[in-house]
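Here chain A shows up in two complexes: once beside chain B, once beside chain C.
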Partner chain A sequence: MAIMRSALGRARGLGSAKDGFHHWWIERLTAIALVPLTLWFATGVISVAGADYAAFAAWLGKPWNAGLMICFISAAFLHGKMGMEVIVEDYVSPRCLQLSVRILLNLMAFALGIFSIVSVLIVALGG
Partner chain B sequence: MPLDLVLPRNSRIKPGKSHKAPAGAKNVKEFHIYRYDPDQKKNPTIDIFEIDLDEIGPMVLDALIKIKDDIDPTLTFRRSCREGICGSCAMCIDGINTLSCLKPIADIKGPVKIYPLPHLEVIKDLVPDVNHLYAQYASIEPWMKNRTPMPKKERLQSPEERDKLDGLWECILCFCCATSCPSYWWNADRYLGPAILLQAARWVLDSRDEEQGSRLDELEDPFKLYRCHTILNCTKACPKGLNPAKAIADLKVLMMERIV
Partner chain C sequence: MTFLEAKTQRGGPLSPHLQVYNMFALTSFLSIVHRIFGGALFVGTLLFVYWIGSAAAGPNAYDSAMNFLGSWFGYLLIFGWSFALFYHMCNGIRHMIWDTGRMIDLPSIYKSGYVMVACAFGLTVVAWAIGLSV
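And then the complex of A and B:
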């Protein structure tokens, strides 16, 4: 298709989405949350490294640990999904492929997040 | 391909002509210069010019003018003020976008490699097409907008209010920053880029302007503003020593101020 639209018309394009702050803000909130959560996760996992299932289930069964684990999983999946979305927007240009990858990313992050949280609950509650 | 990982076939650079220094030249430096002539229907080339530095001034622009005057008058580049005020002679020298009139040849080890500003369409040789950047500049409406009726005298501003424009008004729109930004390379159609966002900040932060809110409304967009990933190539490239990344961060802070 020949493009005869003016340069200003193309630069103005579809205008402002009046959105973008929210994505930026949640990315930063989850990043801040992940600093202590990742430290806790690393030290926690090291503390039960090599232990058997019963010892690990007892560790995860403490409300404090189960709660923090669910916080860690939620923040990590949300942050990872949002970061990946920006990367896909930047680097995957065919519109159809970009949208498909974004839909897949959202569904995968949601499903894997729920799956992980349910797993934590089952182990913690001794299922 | 999702990405342009290689140059299109007709953009790949081939070896070009070589121009030797005159016999007896003592202080010879090689200049490798990108050449493209749309009338030739050929791929771009790199031409090599040997220049006697004793015959010219100290800056890269002096060498380009020497080449155009005495060796190859078809060499095409923009230049005007030759002292870093007009922003015309922006190009990629030794891998960094800068103004050729402010870049000392002595700073460069080995051959001086000169290309047009990256990721813009090339019109000829070192002249890129900057129409889209000018259109993006126009799109932010870079003029004073007021609702208060026109005063009889000038609009007043305190020294503190005026200070907020320092580091912004000095921009000469050479676009060294915008064309050094990978985010601008990938999404120039929608992302405004560091040069235009610095200009946007210049109007948003001007105490005499009364459209701060609507200006921010126009900028709040996942692409127009938030494609900035703080890579900071812009700040590194700016030949005027400005900090476009800081201007963009200031805009993001104002976005936060009005929501959080």
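And then the complex of A and C:
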């Protein structure tokens, strides 16, 4: 496929996003990861939908399930954060408000993501 | 003054806003819904955090969380989240195909749009049919 950037643009590696296509690329990578992870997540959640705590903990306690759940959480929060950043860039002005919302968004996404991962570990390790 | 002229004068972001499109052509409608659902999914992760966090807090917290999630309101939230998830996933695959330079002509875009919506509805129905029968 043809390279869509100019020679100068490639040399500088910046473009209108100021950091090349890195943000776009990570958004796609996490999107690709999320397709199988989402299908796994849906089947997994369905399989424990009506289960009591013990059955749920036993399910999440399997290394395979805990690992995939942590992969799902990481990819989902990273992808969601990046998608929200694009939305904020597109629709929030002035610049100072945009930056504030972006900072808040990043802090929130990482806090919630880490909280979720720690929760998985607590359940999986039988806390 | 047009919308874009007004935005330019204010120095704000110049991305196309909903007002500049015919919002109800299939192409624009599916695209707008993709973004709205993406945002809704992000907000909806709070539901997931509540669920997984209550599990970490122990059996009692998990039971009360499941009581809420099992209520009609909980079901409504989960149903909405699940449809948005499947829609965003199916349309995301459509975007990945476009990223390779394929199927960007108008007839293909309409065709893939119908297929995508059918897949999103299909996955939602199948997931809930299995989920409710277990």
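Basically, the second predicted complex is superposed on the first by the 109 of 127 C-alpha atoms of A that agree within 3 Å, B and C clash if a C-alpha of one lies under 4 Å from a C-alpha of the other, contacts with A are read in each partner's own complex, and residues count from 1 in each chain.
FYI, a contact is a pair of C-beta atoms (placed from the backbone, for glycine too) under 8 Å apart; a residue touches a chain by one contact, two chains touch by 3 or more.
This is a predicted model, so every value here is computed, not measured.
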Taking the superposition as given, does A:19 touch the first partner, chain B, the second, chain C, both, or neither? first
Is A:56 touching the first partner chain B, the second partner chain C, both, or neither of them? second
Chain B versus chain C as contact partner of A:112, first or second or both or neither: second
If you tally the residues of chain A touched by each partner, is the higher count for chain B or for chain C? C
For A:90, select first, second, both or neither according to whether it touches chain B, chain C, the two together, or no partner. both
For chain A, give the residues common to its interface with chain B and its interface with chain C. 89-94
Where on chain A is chain C touching in the complex? 1, 28, 31-32, 34-35, 38, 42, 46-47, 49-50, 52-54, 56-57, 60, 76-77, 80-81, 83-84, 87, 89-94, 98, 112, 115-116, 118-120, 122-123, 127
Residues of chain C defined as touching chain A within the complex: 10-13, 15, 17, 35, 38-39, 41-42, 45-46, 48-49, 52-53, 55-56, 58-59, 62-63, 82, 85-86, 89, 92-93, 95-96, 99-101, 123, 127, 130-131, 134
What residues on chain B touch chain A, complex-wise? 2-3, 131-132, 134-136, 138-139, 183, 186-187, 189-190, 217-227, 229, 252, 255-256, 259-260
Please output the residues of chain A touching chain B within their complex, sorted ascending. 6-8, 10-13, 15-21, 23-25, 86, 89-94, 97
